[in-house]
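Chains: A, B, C, D, E, F, G, H, I and J, in written order; residue numbering restarts at 1 for each.
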Amino acid sequence: MLFAVTMDVALPQDMESDLRADTLAREKAYSQDLQRAGEWVSIWRCVGQYSNLSIFDVRDNERLHEILWNLPLFPFMTIQVTPLAQHPSDIAAG
Amino acid sequence: MLFAVTMDVALPQDMESDLRADTLAREKAYSQDLQRAGEWVSIWRCVGQYSNLSIFDVRDNERLHEILWNLPLFPFMTIQVTPLAQHPSDIAAG
Amino acid sequence: MLFAVTMDVALPQDMESDLRADTLAREKAYSQDLQRAGEWVSIWRCVGQYSNLSIFDVRDNERLHEILWNLPLFPFMTIQVTPLAQHPSDIAAG
Amino acid sequence: MLFAVTMDVALPQDMESDLRADTLAREKAYSQDLQRAGEWVSIWRCVGQYSNLSIFDVRDNERLHEILWNLPLFPFMTIQVTPLAQHPSDIAAG
Amino acid sequence: MLFAVTMDVALPQDMESDLRADTLAREKAYSQDLQRAGEWVSIWRCVGQYSNLSIFDVRDNERLHEILWNLPLFPFMTIQVTPLAQHPSDIAAG
Amino acid sequence: MLFAVTMDVALPQDMESDLRADTLAREKAYSQDLQRAGEWVSIWRCVGQYSNLSIFDVRDNERLHEILWNLPLFPFMTIQVTPLAQHPSDIAAG
Amino acid sequence: MLFAVTMDVALPQDMESDLRADTLAREKAYSQDLQRAGEWVSIWRCVGQYSNLSIFDVRDNERLHEILWNLPLFPFMTIQVTPLAQHPSDIAAG
Amino acid sequence: MLFAVTMDVALPQDMESDLRADTLAREKAYSQDLQRAGEWVSIWRCVGQYSNLSIFDVRDNERLHEILWNLPLFPFMTIQVTPLAQHPSDIAAG
Amino acid sequence: MLFAVTMDVALPQDMESDLRADTLAREKAYSQDLQRAGEWVSIWRCVGQYSNLSIFDVRDNERLHEILWNLPLFPFMTIQVTPLAQHPSDIAAG
Amino acid sequence: MLFAVTMDVALPQDMESDLRADTLAREKAYSQDLQRAGEWVSIWRCVGQYSNLSIFDVRDNERLHEILWNLPLFPFMTIQVTPLAQHPSDIAAG
């Protein structure tokens, strides 16, 4: 089941640099694990923004929330979720 | 070069039904040609909306505008364009 | 899988009265069939608005889109979809 | 009398962890007491958000305000209240 | 139970003048009946706007919706409803 | 001359508790003096919000500004002012 | 008593040309009469907009509403009203 | 050349009181010098707001920016600039 | 004196095709005359929009308004005007 | 490939003055290097704002993101990106 998710990041300007580096490293590892597992299908940087647009393919709403809630950067993110369905013009629709 | 594009469609409620059917058929053919050519990479329906989220992979801004401007539904669409770049957490980034 | 959906209705002021009555009757029957089937769990009127707040319990995103897209009033509605998950404070969570 | 209420939570990033844990525990107990009493009818997590959508069934406006004002997380919440009425398509309307 | 309600009116510019006069006369009579009955407590014109701010004192949400839904101008109105409670600084609070 | 005023309060989360208590006490006294004087005609709590809706009856714009500017909570408020006039449907209009 | 008022004009694109010319002529005469009477103190065109920013000096709210409500272009305007008071830095404040 | 400018002030709540008093005194002197020089034509307080609406008559855009950028309160202001032109209904237009 | 101007075009969907072609031709000629005269410095299409971003270099506000007001597409445009000044980092600033 | 970019700057009010001066100096040098290289084509100050409007001419989206992400003021900026294409009325279009 597909969802488009945009994540805007706003780190506190006084965030301690070790904590910052550690949080970013954990975020990257967390994301890449889910990419390898096939649940985090795509991730793109939005040009000029500290934001990404991602596509998730998950079992259900519960699983999507579990993934997003546990993002190391979750407390610093504004997140927007759009449920997706197959488009009738999609050539993959057969 | 990648772009995320959302297209919200609002057909006039008094649109003549033949014109409507013809426009939708031309829109579908137009989209599928570009999908087969590899420029219109993905198209998803946004659940509960007469809208799609699409990913385009085009040569440059000029080409993206040419594609969007010539959509048969263009006069009836509100379009939002987001330029994308590779995300540093993308496992495809190597 | 649960979703909250708000539907705001704006009928054209010059809508022919028979068409209007027929569309509303079909909308009501459509909604009640889905309520009896257990997919349209709740529907409330928002006070002072030609709007409803509804809860759906459906198999997946595809099914939710199919239901909403086929609403007789769909061409006259502005729809907002919020995917829901179980809340940790819900006493039903055990 | 029914109301839909959305609550968006924004805890200060420097909130002391004991205070945080205590506030969240009190919030959960407070919510569950009202759920058991039948006034807080439903609570769902909005996917990807530190937010909930809740349905309240209360005596009147005064009681709803009393409940919301005394939420342990009230000082950290943005709250939106929508009064609800029975929908004419509700199969429970008889 | 008190509610603040704002009503913004937008009559179609091509509305037939007899219909317009009749609708406005029925709106005025409807409002004045409810004022005399004590449910429509106050009505003020917002300066420079085709809008009013009103205070209603009604039995419950159902009754407020019934009143608003049956306004002769309802199809031409944008309505905003704010439930009110007693303010702790109100000298009438005793 | 009547005005509707909404006041949304946002106290700093680290406000010292004595200062907070004192400011609130002064706000209440200030409001009640003006209520007794007949200038602050009504004050209601907006349900679920740290906000009030008030009606003022003052000599002129200067006097309204003087009252609002000197509210003990003014530095913590977002204020919206709507000038009111008599509504032609008001039964008090004669 | 001073007010700033912005008026945005949107004439229907199919407005009959005689009616249009007549309405604009009446608007101009109406405005100039009030300017000569000293109630419509200033009127400026907002650059690139079919809008004006005006300053009114009127007896009270009732009079301002009467003036605005009777503008020949009122049915085609979106109006915003800001009550003004003397600024403490105004050199005219003495 | 005329411009309408609105300035909304938001002083930090922990601003040291001497700095605050000094900044406000410098702002007042700065504004009054420009009023006397004829560049800052009008300044009004917006009722109930820590805001002003001002009219400037300056040589060009560069000069307006120079004036605004050097306001002692500039770092604490949200500023909106509207270029003005003579209105065809202005009786001063001859 | 420089201004950035964005123009969003919305032609009526039932606009007669000859009128449409004629209006667009006149708009193009009008724009190109001003480009050759050096007042309309730049014009770019915003990708995926029926919009342009333009830079004007004009004598004063009056002249900019005159240019925009007389655009053949003016009745169909939403226009936004931003006055510009030299940036201190501009290498042309010397 | 052309892009319009607006950058709104909000420096923390308690930013240490040496850090502030150093950051601004690095920002200026960074911008001027790119201007000399031909990638940062234009930069204008928006009048009355701590903002600029810039035109970039870059190889692709990746390069634009690289430039913006490495702005010394990036952590303090709100950035808006608009991809541009040649306008059919541009006299340079031949």
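By definition in this document, a contact is a pair of C-beta atoms (placed from the backbone, for glycine too) under 8 Å apart; a residue touches a chain by one contact, two chains touch by 3 or more.
None of these values were measured; they are calculated from a predicted model.
Simply put, of C-D and B-J, more C-beta pairs touch at C-D. Under half of the residue numbers found at the chain B and chain C interface occur in both copies, marking it as a different-residue contact. Chain C and chain F have Cα centroids separated by 39 Å. Distance from the chain B centre to the chain G centre is 44 Å, each centre being the mean of its Cα atoms. Separating the centre of chain B from that of chain I, both taken as means of CA atoms, is a distance of 27 Å. Looking at chain D, one finds that residues 2, 45, 47-48, 61, 64-65, 81, 83-86 touch two or more other chains. Here the touching chains pair up as A-B, A-C, A-D, A-J, B-C, B-I, B-J, C-D, C-E, D-E, D-F, E-F, E-G, F-G, F-H, G-H, G-I, H-I, H-J, I-J.
In the complex of the two chains, the chain H residues touching chain I come out as 1-3, 60-62, 64-65, 81, 83-86. If you check the complex, the residues on chain H that touch chain G are 2, 4, 27-28, 31-32, 35-36, 43-48, 52-53, 82-91. Every residue of chain D that touches chain F in the complex is listed here, in rising order: 5, 12, 61, 64-65, 68-69, 75-76, 79-81.
Partner chain B is touched in their complex by these residues of chain I: 13, 45, 47-49.
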